[in-house]
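Input: one structure, supplied below.
Chain nomenclature is as follows: A, B, C, D, E, F, G, H, I, J, K and L, assigned in order of appearance, with residue numbering initiated at 1 for each chain independently.
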Amino acid sequence: MLAKVLVLNGPNLNLLGVREPDIYGSLTLDQINDRLKELADQLGVELEFFQSNHEGELVDKIHEAVTGFQGIIINPGAFTHYSLAIRDAISAVGIPCVEIHLSNIHAREEFRKQSVIAPVCIGQISGFGELSYMLGLRALADKIYEPT
Amino acid sequence: MLAKVLVLNGPNLNLLGVREPDIYGSLTLDQINDRLKELADQLGVELEFFQSNHEGELVDKIHEAVTGFQGIIINPGAFTHYSLAIRDAISAVGIPCVEIHLSNIHAREEFRKQSVIAPVCIGQISGFGELSYMLGLRALADKIYEPT
Amino acid sequence: MLAKVLVLNGPNLNLLGVREPDIYGSLTLDQINDRLKELADQLGVELEFFQSNHEGELVDKIHEAVTGFQGIIINPGAFTHYSLAIRDAISAVGIPCVEIHLSNIHAREEFRKQSVIAPVCIGQISGFGELSYMLGLRALADKIYEPT
Amino acid sequence: MLAKVLVLNGPNLNLLGVREPDIYGSLTLDQINDRLKELADQLGVELEFFQSNHEGELVDKIHEAVTGFQGIIINPGAFTHYSLAIRDAISAVGIPCVEIHLSNIHAREEFRKQSVIAPVCIGQISGFGELSYMLGLRALADKIYEPT
Amino acid sequence: MLAKVLVLNGPNLNLLGVREPDIYGSLTLDQINDRLKELADQLGVELEFFQSNHEGELVDKIHEAVTGFQGIIINPGAFTHYSLAIRDAISAVGIPCVEIHLSNIHAREEFRKQSVIAPVCIGQISGFGELSYMLGLRALADKIYEPT
Amino acid sequence: MLAKVLVLNGPNLNLLGVREPDIYGSLTLDQINDRLKELADQLGVELEFFQSNHEGELVDKIHEAVTGFQGIIINPGAFTHYSLAIRDAISAVGIPCVEIHLSNIHAREEFRKQSVIAPVCIGQISGFGELSYMLGLRALADKIYEPT
Amino acid sequence: MLAKVLVLNGPNLNLLGVREPDIYGSLTLDQINDRLKELADQLGVELEFFQSNHEGELVDKIHEAVTGFQGIIINPGAFTHYSLAIRDAISAVGIPCVEIHLSNIHAREEFRKQSVIAPVCIGQISGFGELSYMLGLRALADKIYEPT
Amino acid sequence: MLAKVLVLNGPNLNLLGVREPDIYGSLTLDQINDRLKELADQLGVELEFFQSNHEGELVDKIHEAVTGFQGIIINPGAFTHYSLAIRDAISAVGIPCVEIHLSNIHAREEFRKQSVIAPVCIGQISGFGELSYMLGLRALADKIYEPT
Amino acid sequence: MLAKVLVLNGPNLNLLGVREPDIYGSLTLDQINDRLKELADQLGVELEFFQSNHEGELVDKIHEAVTGFQGIIINPGAFTHYSLAIRDAISAVGIPCVEIHLSNIHAREEFRKQSVIAPVCIGQISGFGELSYMLGLRALADKIYEPT
Amino acid sequence: MLAKVLVLNGPNLNLLGVREPDIYGSLTLDQINDRLKELADQLGVELEFFQSNHEGELVDKIHEAVTGFQGIIINPGAFTHYSLAIRDAISAVGIPCVEIHLSNIHAREEFRKQSVIAPVCIGQISGFGELSYMLGLRALADKIYEPT
Amino acid sequence: MLAKVLVLNGPNLNLLGVREPDIYGSLTLDQINDRLKELADQLGVELEFFQSNHEGELVDKIHEAVTGFQGIIINPGAFTHYSLAIRDAISAVGIPCVEIHLSNIHAREEFRKQSVIAPVCIGQISGFGELSYMLGLRALADKIYEPT
Amino acid sequence: MLAKVLVLNGPNLNLLGVREPDIYGSLTLDQINDRLKELADQLGVELEFFQSNHEGELVDKIHEAVTGFQGIIINPGAFTHYSLAIRDAISAVGIPCVEIHLSNIHAREEFRKQSVIAPVCIGQISGFGELSYMLGLRALADKIYEPT
């Protein structure tokens, strides 16, 4: 059976490709998801997508992932910097998680440099546009299928 | 065609006029909205009102405003001090926004002095009770109708 | 007529007893609620339970408590450390509130030591597992029924 | 008898309209004052104008306002961020005061975000160019003429 | 044999009921102790009381508790915020300890919010007047008698 | 009947005049007390002296002062900077207190500039050698005998 | 020949006795000066008084004091907390200086606890109303006339 | 012609696979490089490897890369947190650079969370063991070969 | 026509050569100015000198320099560390400015290391006694006469 | 005559060897003292031992050491981090003092890294278990007997 | 015999004139050195040049300068902000040193405003491009040849 | 076979005995090493000495010590406060290490009080001149030869 990975996107990421393309690129979230799906097929991974501007919905979704998911890719958007609720959710379900960012958060405003979520993830990938998602998927697939 | 302005109120502002009148005045939010509507008529502006205690709903509403709204008046309530999600939403939709506060936030607890949202607004008006909304509307109307 | 107390649980507490039992104990939230109900019967208090991972729903619920509730027990979970919206809600409704925590938040990560909500509560109880809820209920009952 | 309002401008505001028009607009201080006067006539308020680059002169002027003035509009310029002397003067005379700024100080350098004067004012208006003065005058007139 | 619990009170608590009753209540420390004794009888616990304004005497007493005591209730008073010596004593003797406070320390001056002692206790109870002691005793009894 | 004033000296002040005369002057504590007594006679005040290197003894002494003393002069020595226990004691007994220092603590190491005790005193006198005590006594006598 | 002492008062102290008598007392600055003069006569000291709301005038006056003055009493008002210019002036002229405050600055807002001027004075006296001036004069006279 | 990428490793990375395998994995740096070379062949990229414990040698190497290299992958090791010299070197040569880390630096000591180098890189990849290098290479290749 | 340069000196610099010669040297300000004039002659620059202990006068003077001056040399004295009014004045007039200091401010008290004015100057020269002025003049002349 | 050295141990060190042997070793304080005595005999030094959990008693003891002691070895335990009273005592008596610690305080909690006492000692030895005392004694003996 | 001055340049300064000419100017380091040499001839000073990207080589070079050099001009580049080793080297050799910077470090990123090296230099010159070196040489020559 | 200990000295320690003898003593590093060798002979330990001003060379040397060394004594000089590379090297090789300092770093500038290296050492010895090395050697020998 294929491993299942949940792809979570936080607040304002539904606007991708539509607003501020110079910062976030010209691809819509759907287009990114399509590309991710292609890669997932190659890697033998099944994906489910979820975007929400509501912190609580993201927490709920992470809880639901306990049944049937082997990994989570999350772009928490602005929640990166203050949502301890999402941090605790990831920590509680114990599913391997990769935090990704389109822009290089380490090169932006001071308050964007710190992630309260990254400490409970496997790792963080930041700055490569839509490619960040692909890299995160590769990292997760590698983690899921790696022989111990 | 009339310019349209979205009037957003954040958490606990539904309680206006009912609880703690000594701090926030004795007008209900509906009464304030009625007064705003009167002023809007004079200024030739159409208003839509929305209040929510849910950060995500405010973000959703700001996104929807992309179609058809020329301005936003927001009293983010407690979200003023931590909702980077609302900040990013305003920044993403690019609609002129005015942040207003009933009380003078600069004269209260230390943590209420900083707004994470004001930096992406045109300006901030703080301390004039319900009049803050009226002043905000005037500022916005001026911005919308000003000859360049 | 019996006094009514609202028992609020914040994000991730729906996972109690299921995940990380070594940290949070092996009782589910339902089991804790059952025990609380037993104690409430002894103390002559009626309870209503509500859990949510959504900050906004907790704020809404606190507002609703204005009608008919004499006290609130809240375990705000991760919201303890940043939800000024919940703080303002408690402050606005003016219902006596007790903040409780399963684990000893003063013995964990630095950011867990500070509560933005405790300053508007009667007090805080932290570190006694499910017993924290029972102690909170006793404190509240005592407050409600105490002769002035 | 008409209420009298003192309009105070701090350091460098005498250069308005002459230097850095892209930041502060192309109106001179005199032109802004003329517009303010028009609005004052409508609102039934008499204005007196005073600009100084000297902190002490501003303090002196605030003292003098004790006799005959019902309100103060102040744009403290750079003094906003360190003149405790002006803060104490406003606090001592007890005349309602509104702090205004042409630019949105919350969107500029970190040190411009904090006002040592705002805590002793009724409120602060920031970011609307010359309109900030008009809004401040409206707020003050409303305060002066409001029925208690 | 009955479990023995040491009830420790730090500096200025000997003045309870005599000075500042509006803050600390009108019960004297002896009266609180009497009530505690009643509860202890119900819970099957033997109590010993000790109050001192001397940090060193409190440390000495904690050391002596090694022989024969199964629990400690401590209201460290002002020592809460700086006595690392008491912290180390509790940590060294390894007896389960509950920190209690009459007032809600999280709602007072900034320096009273941090406890250097709580991190080595089971938990902290703060804000319920003399009831804080009772709740602390219940928590301790529960801990001592709980089946593993 | 004469007003009675307690003169308290904290840690290391028993060494006055013996060690480091260049910093603390060449008078012993007894010699200073003699001079104080002379001044007290002139002012119609009775003095009692107490020095201790033990924080707890100073707290005990302050408690005892409740009976029969109208004022306290305290040189808390190093306790100035951390003894919240002494702060709380002064605050609890409610006797007018003057904090004095031989050296100018505002001109020494950074950590000596802050006093945790001064906020609960009438005032602080710092930097005048043994004269600081005399000035403190004058201030206290004035306070005690001043017509309301 | 009599020693001469300059009595300097900073911003807003010209309002003494007129505004906020509950905080600063009901004596005017002239009345305080009269009382100071009486004491000066007793102590064999000649006084000169100067008040200004202008930092620069206070600096100028300190410079002029080089000729003919043996001491300075200064109540820098709000300048206490930021006027490094006054600090450097005192330090440059090398005349013994005593900093005094009517209110107990250590018991007020956090920013009023630090003096940038006190480190270059002999000492600081804070909290005794008009008596602070008298005590400062005594301290200075003692310093001037003390046998070395 | 193939694009050339420089793979830089900072201090202590020569010990990879030999020491602390539980933290850094059991592969030696040579083995990682071999795997990188395989991937590089697939991606049509030529690699050059350089490791040094000397900050200066890394700076020199970055300078040399100006001629002939289209990208840099750097694991700066401990230099991540303080080598402004390496930061300036990357910034000066203007070659696209990816910062990678074997361990998740955001989940370690506080001082390891901040990178002084990441702000001048395209992005940062952290936490995936040797896979971090592969992901970094993919990101760089994508950047180099992407159609504009 | 010769370029004109304004030489501004802030508070206490009128005391140069008279007080504290060990720190600031034995030359008076006039003597320094004479030497500057000699150098100015060589460099083909005309100088105007102005010293004031009043922040406002310095701001006024900077404004006046708009007409006819090509450069400013300023030793802001103590204003270096807090006069945002002077900073804004320099920034507003847009005349090239060099900040100079007699002593090495980087080797003195912590608060003297930061200049709020230097960020709007061409550069800062600190530590070379009267030579600092000469170097500043050379830098300015070079800037004024440099071929673009 | 033999040099005399006072060996001071602060709070909780009387529990050595009895509690937490994995942290502090299995030797009791008496056993350590015996070993120290052996070494003292070799070095020609006479020792006196004193342990107290009371800050005041340690201060008293340091004062007494003025007569007859040439050196002090102190393990201040938890007092290391806040007892300015002990710091001042050591500084006042002027006897050479060595601060020692059993555990490596630089490798423990953040608050244990700073010593308020070390700045007035000759030096600090930390981390070598009971050997720390021996090394401290050697350092002191060397200091006492070294030819100038 | 001519005085000898060592001209030291730190990391990345070998790239001068080649990279980022808009920031650092279009002159190469060799061209700057040639101009310096011309000025040195006029001033009667002999120069030796040394550039390195290695902190250790700069330290070595400073040590060697003990023999035969009367002054050092150093542009420490990025080492300015963290190389305590270079600071200690300059301090140890005791040769007069001038720190210079091409750009105005006080107008750049926050971390570039502080120099750990400047406190042990005579002074600092910052912001004048290649002219900074010339001014530094003049300052040094003046220092070396000044009559005492 | 004898245990081998590596004695490492960081930047500027090659100048020992030659420069600043009042701070660092009059012994050269060679003379200290000779004395260390004598002690090593007594303790049955073989020594190897290495000094470098290059951080990278110290890291290299620590790596080489993996083969054949049972202990390291390191005086990191200025690297104490920032060389995370040396910290990681010591941590990686896992050889017991003692950090020593000639001067009492806890009594010097604020930035010298913190060691980034000490947390990965057995302990730290600071303040005893050349004796610090001897004490460090004793501590290490004791550690190496102690029966487990």
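One rule holds for everything that comes next: contacts are C-beta pairs under 8 Å (C-beta built on N, C-alpha and C of every residue); 3 or more make two chains touch, one makes a residue touch a chain.
Not measured: the values here are computed from a predicted model.
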{"item": "Any chain that touches subunit J and subunit D", "value": "none"}
{"item": "Touching subunit C and also subunit K, the following chains", "value": "none"}
{"item": "Between B-D and E-F, the pair joined by more C-beta contacts", "value": "B-D"}
{"item": "Recurring contact interface, reference H-K, options E-F, B-D or F-G [over half identical by residue number]", "value": "E-F"}
{"item": "Distance between chain centroids, defined by C-alpha means - subunit I, subunit J (Å)", "value": "55"}
{"item": "Chain centre separation (subunit K, subunit L; CA means) in Å", "value": "32"}
{"item": "Centroid distance [mean C-alpha coordinates] between subunit I and subunit H, Å", "value": "47"}
{"item": "Numbers and ranges of subunit H residues touching at least 2 other chains", "value": "54-57, 82"}
{"item": "Pairs of chains in contact (touch as defined earlier), listed by label", "value": "A-B, A-C, A-H, B-C, B-D, C-E, D-G, D-I, E-F, E-J, F-G, F-J, G-I, H-K, H-L, I-K, J-L, K-L"}
{"item": "In the complex, subunit C residues that touch subunit E", "value": "104, 106-107, 113-115, 118-128, 131-132, 134-135, 138-139, 142-143"}
{"item": "Contacting residues of subunit C [partner subunit A, same complex]", "value": "10-12, 14-15, 19-20, 52-57, 77-79, 81-82, 111"}
{"item": "Complex interface listing, subunit F residues touching subunit E", "value": "54-57, 59-60, 63, 66, 82-85, 87-89, 91-94, 116"}
